[in-house]
Every structure is written in C-alpha cells, then in structure tokens.
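Next up: the structures, one after another.
The two complexes that follow have chain A in common; it is paired with chain B in the first and with chain C in the second.
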Partner chain A sequence: HVTEDTPGLLHHVKFQSQNFESILMWDSGPTSPPDTVYSVEYKTYGQRQWLAKAGCQQTTRKSCNLTMETGNLTELYYARVTALSPGGRSATKMTDRFSPLYHTTIKPPDVTCVPKVRSIQMMVHPMPTPILGEDGHQLTLEKIFQDLFYRLELQVNRTYQMHLEGTQREYEFVGLTPDTEFIGVTTISVPTWSKESAPYVCRVRTLPDRTWT
Partner chain B sequence: FGPCQVKGVVLSELWKAFWAVKNTVQAQDNITSIRLLKPEVLPNISDAESCFVAHALLKFYLNVVFKNYYNKRVEFKILKSLSTLANNFILIISKLQPSQENEMFAIKESAHRRFLLFQRAFKQLDIEAALAKAFGEMDILLTWMEKFYHQL
Partner chain C sequence: ELRTLRLGSCVITANLQAIRNVFSEIRDSVQARDENIDMRILRNTGSLQDTKPSDRCCLLRHLLRLYLDRVFKNYQTSDHHTLRIISNLANSFLTIKKDLGICHDHMTCHCGKEATEKYRQILHHFEELEPQAAVVKALGELNILLRWMEEM
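Moving on, here comes the complex of A and B:
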C-alpha cells in the first residue's frame, strides 16, 4: 500500500511476529540519506483514527515494538511509517492487514532433557505470551491455540528414531541403552493455523548402569 | 453452533483456501476505516443465537459475495479458493437447521438484528468495494466459526 511516496525513501513496511511479540519493521530505500527519521502510527481495522506510537516518533531506528498495541486477538490491525528526509522529502507506507493469530510464528519450545540409566525424560515448559487474558494474566500458547500439541523425536541412530506426541508437558523415552548419546528433537504444532515451530534440539547421554549383574 | 450440529467439515481446509488469497483480496480493500463484521455483529453471541447468525451470514456469502465474485474477472487462484469455500458453505448451510419453534422467536429476532448490522454496512459501500471487503473479512468469520467448531 502506498499513501504518498517519494521514490526510494521507504521499503518493506511489515510486521514480524513471534509468539505474539509483534515488531513493525521497515527498510530505508536506496536514495534515503542516513539521517532520515521515521514516525509510526497504527490503528485497529475498522477504526478511522490513526494513533501515533509513542517512542517511535522521529526515530532513526528501523523497527518499532507494537506488541501491546496489537494484543487483542479478535482484532485486526494496520500500521504505517512516515519517512522524512533532511531535505524535506517524505514517504508513507502502510502494512498489509495484520492478524496476530495468522501472522505470528511459533518459537522453538523450552525443553529440559533429563537422562536416566535406561530412559530420557523430556519436560516442555509453558510458553507465556504477551497476550493478556480477561483475568489480566498472560496467556500461554496452549491457551490461545486449542489444538496445539507437541511432537517429540529421539534419534537413536542414523536409521532408528522413537516418536511421542501429545498435549501434556512430560514425556519419557524408555528402553534405552545405558551410557549412550541420543538427540532429542521437540517441535510445537498448531494444525488449524498450519503453524509449526522450529525444533528444540538437545543432545543427552544416558547414565552408566552401575548395578551389579 | 449451539443447538445446530455440523459434521464433516474440516475447518482447516477453509482456512487454507482463504490464506491462499488473503493478501491479494485484502490488498483490494483500501477502506481501512470500515469493518463489516464489526464487534457488535459476532462476538458475545449466545450459543442459541449462533445457529441463526451463521445460517444468515453463510447464505449471504454464498448468494451475494461468492456469486458476484464469480462474475468478476479474477485470478484463477481466487476462483479456486472461492469454490472450496463455496462448496463448504453449501455443506454447512445444508446441515444448519435453525429451530423454527415459537419460543426461539426472540433469539431469532436478535440474530436477525445482528445480521442486519452487517448487511446495512455492506450496502452502504460501492458494490465492488463491498465485495472485496466482505471476502477480505473471511478470517474474521472463520475465527468466529472456529470457536463453535471446537465445541463439538
């Protein structure tokens, strides 16, 4: 979308969002002087008024955190950046319609891998988001995405892997060889929104078997 | 949807069909200050009312939005998504049987008022702008439908 544009001052105005941490980003154009300043405005889709984002006015930075301003998951948003060069040239560009639910990507899960003699426990920790529920508490990803589940894989060797999946947080791969190294891979999946996180990988060695045989 | 049950619809298929054309269609809607599916139309609908509202909205999308879009010269990609969405809407509507009993009259009236809010906003726009806006707001409609979808 282009509202008014001096060619080459402003490019790629878009949101980047991870676990609902939503950052507006943009690039300066090939002809924009280094001391060009930028001002950010945002609004809810359907509202007339653009609101200036405090802290992102007349800035030389090329990003602005709009997490709190885009925190209502039932709403859609727009943001726009106005670039002003010292010579008085200006350009304004708007984002596509931003839907936090649609656009956010999922970070790798936070997992603790605990080796035992013949098993490995994997505990997935809750992932709070900046989104507040009606009770004012931070919502977790699991609360927001009802069909979210975890997919775990234990690479035993080049050709053999073990798989577990579910919505609970604790998993255990059993029947393993003591004193052996394994690679654990955990990803988060949200089928309805076709989202999948990058994997969390842990390299872990089962404990030696010290029992007398 | 409250008293109405719909089986055999895979909502993620509808999502994928819409996502394929979301940016294209939403970019055709330059009126960022008007929203057809306003907060007063959808959120906080009682279960009982949801069947009536869903029935009315889906029928409107079929008979007005999708139908008119078919007559426009649009990219094949959009037509492909349109037919997936339209076919699923036909299936859903065929299964949505809003109750016609007398005691549901008040609920039906409330649902109809909500639908009129949407329809009035649609009619206030030029037809081309209204079609692009309605199609672009499918994500709002699907997000709302999903709440009931998961309650089965």
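Moving on, here comes the complex of A and C:
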C-alpha cells in the first residue's frame, strides 16, 4: 500500500508479532539520509480515524511497539509510517490488514526439566500475554487459543524417542535408565490457527541409582 | 480437523482450519484491493457469537447464501489461482449450507427477529458500496466470518 511516495525513502512496513507482542517495523530506503525521521499512525479496520502513536513521532528509530493499540482480538488493524527527510522529501506506507489472532507467532514454551533416578518431569509454565481479559487480567495463550496443546518428546537415543502430549502443564517420562543423558523437546501447537512454536530444548541427566551402594 | 458448530438446536461439523488455510493463500492480495478501510461489512455488533443461539443457524445460513450467491460468483480477477481458491471456498461453504438446510428441514433453523435484523444490517453495509467494491471487501472479510464460526 503506498499513499504518497518519494522513491527509496521507506520499505517493508509490517507488523511482527510474537505471543501478541506486536511491533511495527520498517526499513529506510537506499536513498534515505541517516537523519530521516519517521512518524507512526494506526487505525482499527472499519473506523475512519488514524491515530498518532505517541512516542513514535519524528523518531529516527525503525520500529514502534503497537502492542496495546492492537490488543482487541475481535478487531483488525492497519498502521502506516511517514518518513520525512531533512531535504523535505516524504513518503508514507501502510501495512497489510493486521489480525493479531492470525499473524502472531508462538514463542517457545518456558519449561522446567527435573531429573529423577528413573524419570524426568517436565513442567510447562504459563505464558501470559499483553492481552487483557474483560476482568482486566492478562490472558494466557491457553485462554486465548482454546485448542492449544503441548507436544513433548524425549530423545532416548538416535533411534528411539518417547512422546507425550496434552493440555495439562505437568508431564513425566518414566522407566528411564539412571545416570543417563536425555534431550527433552517441547513445542506448543494451536491447530485451529495452524500455529506451532519453535521448540524448547533441555538436556538433562537422570540421577545415579544409589539404592544398593 | 472437524470443528463442531453449536447453533442452538442445530449442531453441525465443519473443517474451518482447512477453509482458513485455503483462504490464507489469497487473503493479503484480496484485502490489498479493498480501498475502503474506513468501513466494515461484518461488524462486531452483528456477530454470530453475540446472537442468541436459537437465531444463529438462520443468520449463518443467510451469510453463507450471501457469499455463495453474491460474493464468490462476482469476484472479478484474471488470476486463475485466485479463481481456483474461490471455487474451493465456495464448495466448502456449499457443504456447510447443505448441513444447515437439514437443520432447516428439521425445524431447528428458526429465523427470529434478531437474525433477520442483523442480516438486514449486514446486507445494508454490503449494498452501501459499489458492487465490485462490496464483493472485494466481503471476500477480504472472510476471515472474520470464519472466526465467528469458530466461536460457535
């Protein structure tokens, strides 16, 4: 989308969003002087008014945090950046329509791997998002994505893995050999939105068996 | 992965994820053609999930008919890939509409005042626009309709 453009001042105006932390990013063009300044506006799709984002006016930075401004999951949004070069040249570019639900990607989960003698416990910690519920509390990913589940894999050796999956937060791989190293891999999956996080990986060793010593 | 849609006494299943994945192939290009971003056809005030359960089947049936009869058929493009995607979407919508028709035959797809009024408003927004602009906007808002259905 180009509203007005001096060629080469402004490129790639787009949202990058992880766990609903939504950052507007852009690039300067090949011909834009270093002291070019940028101003950001945003709007809700279907409404008339563009709103200036405080803190991102006449800035030399090339990113702007619009997390709070795009925090209503039933809405869709646009943002636009205006670049102004010292010589008075300007350009404005707009994002595609941004849907927080559709566009946000999922960060790797936060997992604690606890070795025992013949088992390994894996505890997934809740992931709060900046999205506020009707009660004003931060919503977790599980609350937002009703079909979110965890997929856990324990790599025993090159050819053998154990698998667990579910929506609960605590898992235990049992029947393991004491004093042996394993690799735990945990990912988050959201089928309805075809989302899958990058894996969280932990390398952990079961405890030695001191029963008979 | 089939999803169960509870529309009052009418309960159907639909593969919304597959429809969403198909639509995502043309989503950005279709939305980029929508130049009326000050206006929205499917508004939160008229959403399915804010409609009382007994009226949801009727409202959805009307919406599917709007898309089948006036959106998918009339979207003008020379891009064959887009046309194939639209045909795919139309077939998916037709399947859902057939299931709603069965509910209608079993008297579980009642059109109450709420459904009738909400559809009237949506149609009004649609017809406010120049015909092809309305078609482009409605197709670009398909993800809104899918999310409404997911919340059933």
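In this section, the second predicted complex is superposed on the first by the 212 of 213 C-alpha atoms of A that agree within 3 Å, B and C clash if a C-alpha of one lies under 4 Å from a C-alpha of the other, contacts with A are read in each partner's own complex, and residues count from 1 in each chain.
Note that contacts are C-beta pairs under 8 Å (C-beta built on N, C-alpha and C of every residue); 3 or more make two chains touch, one makes a residue touch a chain.
Keep in mind that this is a model prediction, so the values were computed, not measured.
A.B. asks: Fit or clash for chain B plus chain C once both are placed on chain A?
C.D. replies: Chain B/chain C on chain A - steric clash.
A.B. asks: For A:H137, using the defined touch cut-off, is the partner it touches chain B, chain C, both, or neither? Pick first, second, both or neither.
C.D. replies: neither
A.B. asks: Go through the superposed model and pick first if A:D96 touches only chain B, second if only chain C, both, or neither.
C.D. replies: A:D96 contacts both chain B and chain C.
A.B. asks: One more residue to check, A:R61. First (chain B), second (chain C), both or neither?
C.D. replies: neither
A.B. asks: After the superposition on A, what does A:H12 contact: first (chain B), second (chain C), both or neither?
C.D. replies: neither
A.B. asks: In the overlay, answer first, second, both or neither for which of chain B and chain C A:Y45 touches.
C.D. replies: both
A.B. asks: Between chain B (first) and chain C (second), which, if any, makes contact with A:H125: first, second, both or neither?
C.D. replies: After superposing on A, A:H125 lies clear of both chain B and chain C.
A.B. asks: Where does A:W193 make contact in the superposed view: on chain B (first), on chain C (second), on both, or on neither?
C.D. replies: both
A.B. asks: Show which residues of chain A both chain B and chain C reach, each in its own complex.
C.D. replies: 1, 43, 45-48, 74, 76, 78, 96-97, 99, 101-102, 191-194
A.B. asks: Would you mind writing out the residues of chain A in touch with chain B in their complex?
C.D. replies: Residues 1, 43, 45-48, 74, 76, 78, 94, 96-97, 99, 101-102, 146-147, 191-194.
A.B. asks: Flag every residue of chain A that touches chain C in the complex, lowest number first.
C.D. replies: 1, 43, 45-48, 74-76, 78, 96-97, 99, 101-102, 191-194
A.B. asks: Of all residues in chain B, which touch chain A in the complex?
C.D. replies: Residues 11-12, 15-16, 19, 22-23, 26-27, 29-30, 32-35, 38-39, 43, 136, 139-140, 143, 146, 150 of chain B touch chain A in their complex.
A.B. asks: Write out the stretch or stretches of chain C touching chain A in their complex.
C.D. replies: Interface residues on the chain C side: 1, 3, 16-17, 20-21, 24, 28, 31-32, 34, 37-40, 43-44, 47, 140, 143-144, 147, 150.
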